[in-house]
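Note that subunit A is present in both complexes that follow, paired respectively with subunit B and with subunit C.
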Partner chain A sequence: MNQIVSGFFWVSLVCVMAFITLPLIVVIAASLSPSAQVTLVPWEWTIRWYGDLVASRWLDPFMLSAQIAVLVSVISGVLGLLAAYVVAFEKCPGHAAIMSFLLSPLAVPQIVKGVAIVLFLSSAGLYRWVGTPGLIAAHIILTLPFAVRMIATAMFNFDKNLDRAGQSLGATKAQRIRHLLLPIIKPGVFSGMTFAFIISFNNIPLSVFLVRPGETTLPITVINYLEYSLDPVLAAVNVASLLFVLAVIFVFEKVGGFSAQIHGGSK
Partner chain B sequence: MSSLALHAEKGRPVRTSLIRQYIPLLPPGLILLLFFAIPMGMMMGLSFQPKGAEAASLANYGRFFTDDFTLIGLGRTVLMSGLVAICVTVMAYPVAYFLARSRSPWRAVVFALAIAPELAGVVLRTYGWLIILEDHGFINNALLWLGVISEPLPLAKNMFGVVVGLTHVILPFGVLSLLTSLQGVDPNLEKSAQILGASRLSVIRHIVLPLTVPGIVSSMLLAFTMSASAYATPAILGGAGFKVLATMVYEQVLFYVDWSFAAVMANVLLVMMLIVAFIGSRLEMRLHKKLHF
Partner chain C sequence: MTSTDIELVKLSKNYGSTPIVRAIDLTVPQGEFVSILGPSGCGKTTTLNMIAGFTAPTSGQIRVRGVDQNGVPPEKRRVGLVFQNYALFPHMTVKQNVGFGLRMQGKNQADIDAQVKKALHSVHLDGFEDRYPKELSGGQQQRTALARAIAPRPSLLLLDEPLSNLDLKLREAMRIELKDVQRELGITFVYVTHDQEEAMAMSDRIVVMQESVIAQVGTPSELYSTPRSTFVADFIGKSNIFAVTPTRAEAGIHHIEISGTGLELLAASPEPDQTEIAYCSIRPEAARWIEGRSRPDRPLNILPVEINKIVNLGAYLEVWCRHQSDTVIKSLISAARGAHLKPGVNIELTIEPAAIKLLSK
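What follows is the complex of A and B.
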């Protein structure tokens, strides 16, 4: 009986893991298979779909998505730092209420935030903002709460005695922030920025309302194309953008060194 | 507080330094106000202002709750989210249990594999499921070739495809929330029950499952709210006829250009989420009290 139970457990574990990895494997296989039909028995591989990516049809949306994601990640990082400094470091009066205001966008589904922003831009006479400026603003609203939360956690963990020591040694406030606080919370800031980058780069539910012809992000370009074709070039686009995200995470990790923090269990 | 004291020593009025403390909040606060708080308020207001009408009224809400089309969409959203909540929790449980109890070197691999798909984004995974499930997809081609079926099975462009896709998207979150709950259960309880002669099955049924009910509830609620607001997966894997609230909202804005009705749908979705979250937190609190006296 016990063997049946544990056998059942292992079988279900393996099935679930197969379920998790299957789509990724299929997409990678499709991006390398010579025909449009995915059979998973590719006797011959081809990388010609990747060659097709070097066309403005894919490069333009990719560049736009990458630029927006970088800007959003930097702006969220800076705004998150400012907010977290007041709320988590200075602990100003009313910091709990301010924190819940800063995190409030998390309670609203993305699609609802998207509708709200596009309706606001249209009714406020800012319709020309639809496109890149609107995308950046919307993505910041989406990523800022995550950045605030991650940076605030890092600031909560910062040992205030270090700041007091610096103060008693005559360091000005600016010097203490630059040489004590910022280097210590750097991993938190970078994990917030990485998170913001990934969310922005892959976003669909907000972007879908704010793109316009000629200013379309990569995920939206892909889903628009998906509606009438399963072209293997899409598989290549997806694999290439995944590799790009992984490369960005790698760079951010090298600069910010946040993996230790993640393994340390802070959220 | 220390900065406050320092300023006071220098003879500056305390009040200005108190206000100055808040200055860094201006940029993030203004952005949130301008692109979140005001738009949300505006959307709420707009929902009471039917298209073309001058006076505010509840007409649009009446339309939402009497029209078959929107009611079916609402029902479909609830059904889809409920199915995903069950699938995610059932599938995440063995993974979370393995991650919480195993000391094998495979643990790190399983953890990475369970979480990594999150980096890939929804588009890649949904595209993957589409090539697996569609009429000329991987599964149908294999079954046709084997002669098991003569017609392709309708696996994509319907509820089944959407539930599969969403379960895949949300599974990592289910694993994480069950993992937290399972890590809170003392493994010694299971060991002592086994020493006292309980079978594996009864250890799971009478110890592990009851103690992780709060984790099960929170995983289901998380999966429910995430699927109810998902847009891309239902849009791609559901096909043209599969309308849930999220895709209906999008259509109202971009095709029918009825902003007011779009605002009504968005508000219904938002209120549904808030109700589920509220019931969930009450339920979790009660369960927590029950378990910890």
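What follows is the complex of A and C.
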């Protein structure tokens, strides 16, 4: 009986894994397709489509997306840290309400937000902001709640006795923040920044309203391209950007050491 | 050993309208090991937090070496702290943890290293410098926390139930070590605990707290031999406590009747300071089983009793004895002597009048 139950769990796990990875496998296979039409032939493949990626048609949007994502990630991290500190430690009035308010952006569809932002910019006479500055601002609106929540959660988990211990050992507030709080919540900050980076880098629904012709982000370029053709180059673009995001996660994880936190481990 | 280290003057703390600590007065001389002992929720931690500066008193004063601490932030008080959960910095090695206080003071690295080494040596943790807290056992974490607190050489160390997360054997060993460290360094220790054995074993003086006030202050032996209330008699060691009515007194001997039983006892201890006699306390070891002895012609309580129950405590037996008046007295008898005792056996208990403590409440 136990074996049947445990077998059932195993089968479920395999199904979940297959379900998640199947699209990936299809995209990878498509990117290796030997002909310009996407064909899946297991014993014939080529990597020549990847050579097309260095063309400025793909490279420029990639660079733009990466730059925006880096800026969004850094700004979200810094602002998120400051805001979270006030919510978690200064116990500003209504700090509990603020924490739940930070969840609410998830309830508003991004399309609605995109429309709102464009309307705001045009009615405020800031239409020239459409383009990169608008993209950065809009992405930050999207990522900040995640960043604040993740960093505030790390701060809530910070053992106040550590701060007291530091205090009794003569550390000033600035010293305690620098030597105790920041190193201990670092994984939370970095996971918030990683989320911000990924959300920004992959964003379509908001960006679609704010890109300017000739200055598009990578996901928007992909969507535009998709209207005309579905070919191995597009698959190669997707695989390459996936690898890039994984590399970024890897680097952030190395620096921030947050995997234990995301996986629910303790230290 | 003579100068005063801490003085609490009418120290009080309310949360809302609830008094948590009420008008505590206490003077602790430099180098003393004083325990604050009391049941859970009586205000021990609150008192400690006020001394450390984390909680502002509602009224009253805290003086450390004569200086009023009102408004002095915790980081300026130079008071060491040891927490129940140790509160070690998880991202620092043992060495970095212990050196933290010195580093914050801006000491140079050579001094820090030397003092860290010394502190670790005094808690027997040589060789653990480069471990992280999570790589240490509970006892080692406890020692690290102690070393961290003593490394900057505070003149006063506050400890809040530092041993309560350790198992019994280790706790007993650590008591002795803590006491040794305290004596060697000559630091004043204010030690909070709810474990009376721990307080008895280590303290020069014990402050017994009961619901936000001090019930009694004294050396361990004073508290044991002359408790001033049933609370203290019951909390410090074991005791037979009976409600009594005094019947008469002559030549320094009180005749008291255990209420509702008709059993009369003779007590020679001083009267309680406050009001009238209402209770008496008899330590189990004072209710002695003496075989075949002629009656002396001085006042002595001799009670024929029947054994009711025997609780084996290892070296001793706690023998529950019932007098014909239905009074049950617990007596402590060495296991070797009482080997053949059984429930139902009749014996005689002898209680010196001086061993019966008279209490007001």
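What we mean here is this: the second predicted complex is superposed on the first by the 237 of 267 C-alpha atoms of A that agree within 3 Å, B and C clash if a C-alpha of one lies under 4 Å from a C-alpha of the other, contacts with A are read in each partner's own complex, and residues count from 1 in each chain.
Methods note: a residue touches a chain if its C-beta (ideal position, glycine included) is under 8 Å from a C-beta of that chain, and two chains touch if they have at least 3 such contacts.
These numbers were taken from a predicted model, which means no experiment stands behind them.
By the document's definition of touching, of the two partners only subunit C reaches A:Gly170; subunit B does not. Which of subunit B and subunit C touches more residues of subunit A: that partner is B.
Contact with subunit B, but none with subunit C, is seen for A:Leu234 once the two complexes are overlaid on the shared chain.
In the superposition on chain A, A:Phe9 makes contact with subunit B only, not with subunit C. Judged by the touch definition given at the top, the superposed model places A:Asp159 against subunit C, while subunit B stays out of reach.
In the superposed pair of complexes, A:Leu180 makes contact with subunit C only, with no contact to subunit B. In the superposition on chain A, contact is made by A:Val27 with subunit B only, not with subunit C. Residue contacts after overlaying the shared chain place A:Lys113 against subunit B, while subunit C stays out of touching range. In the superposition on chain A, subunit A positions 164, 167 are in contact with subunit B in one complex as well as with subunit C in the other. Across the complex, subunit C meets subunit A through its residues 52, 54, 73-81, 83, 85, 87-91, 100-101, 104-105, 134, 148-149, 152. Partner subunit A is touched in their complex by these residues of subunit B: 2-3, 18, 21-22, 24-25, 27-29, 31-32, 34-36, 38-40, 42-43, 46, 91-92, 94-95, 97-98, 110, 113-114, 117, 119-125, 127-132, 134, 136-138, 141, 168, 171, 199-201, 204, 225, 228-232, 235-236, 246, 249-250, 253-254, 259, 262-263, 266-267, 269-270, 273-274, 277. Residues 159, 161-162, 164-172, 175, 179-180, 183-184, 267 of subunit A touch subunit C in their complex.
For subunit A in complex with subunit B, the residues that touch the partner chain are 1-2, 5-6, 9, 12-13, 16-17, 19-24, 26-27, 30, 37-40, 78-80, 82-83, 85-87, 90, 92-93, 98, 101-102, 104-105, 107-113, 115-120, 122-124, 137-138, 140-141, 144, 148, 164, 167, 173, 198, 201-202, 204-205, 208-209, 219, 222-223, 226-227, 230, 234-235, 238-239, 241-242, 245-246, 249.
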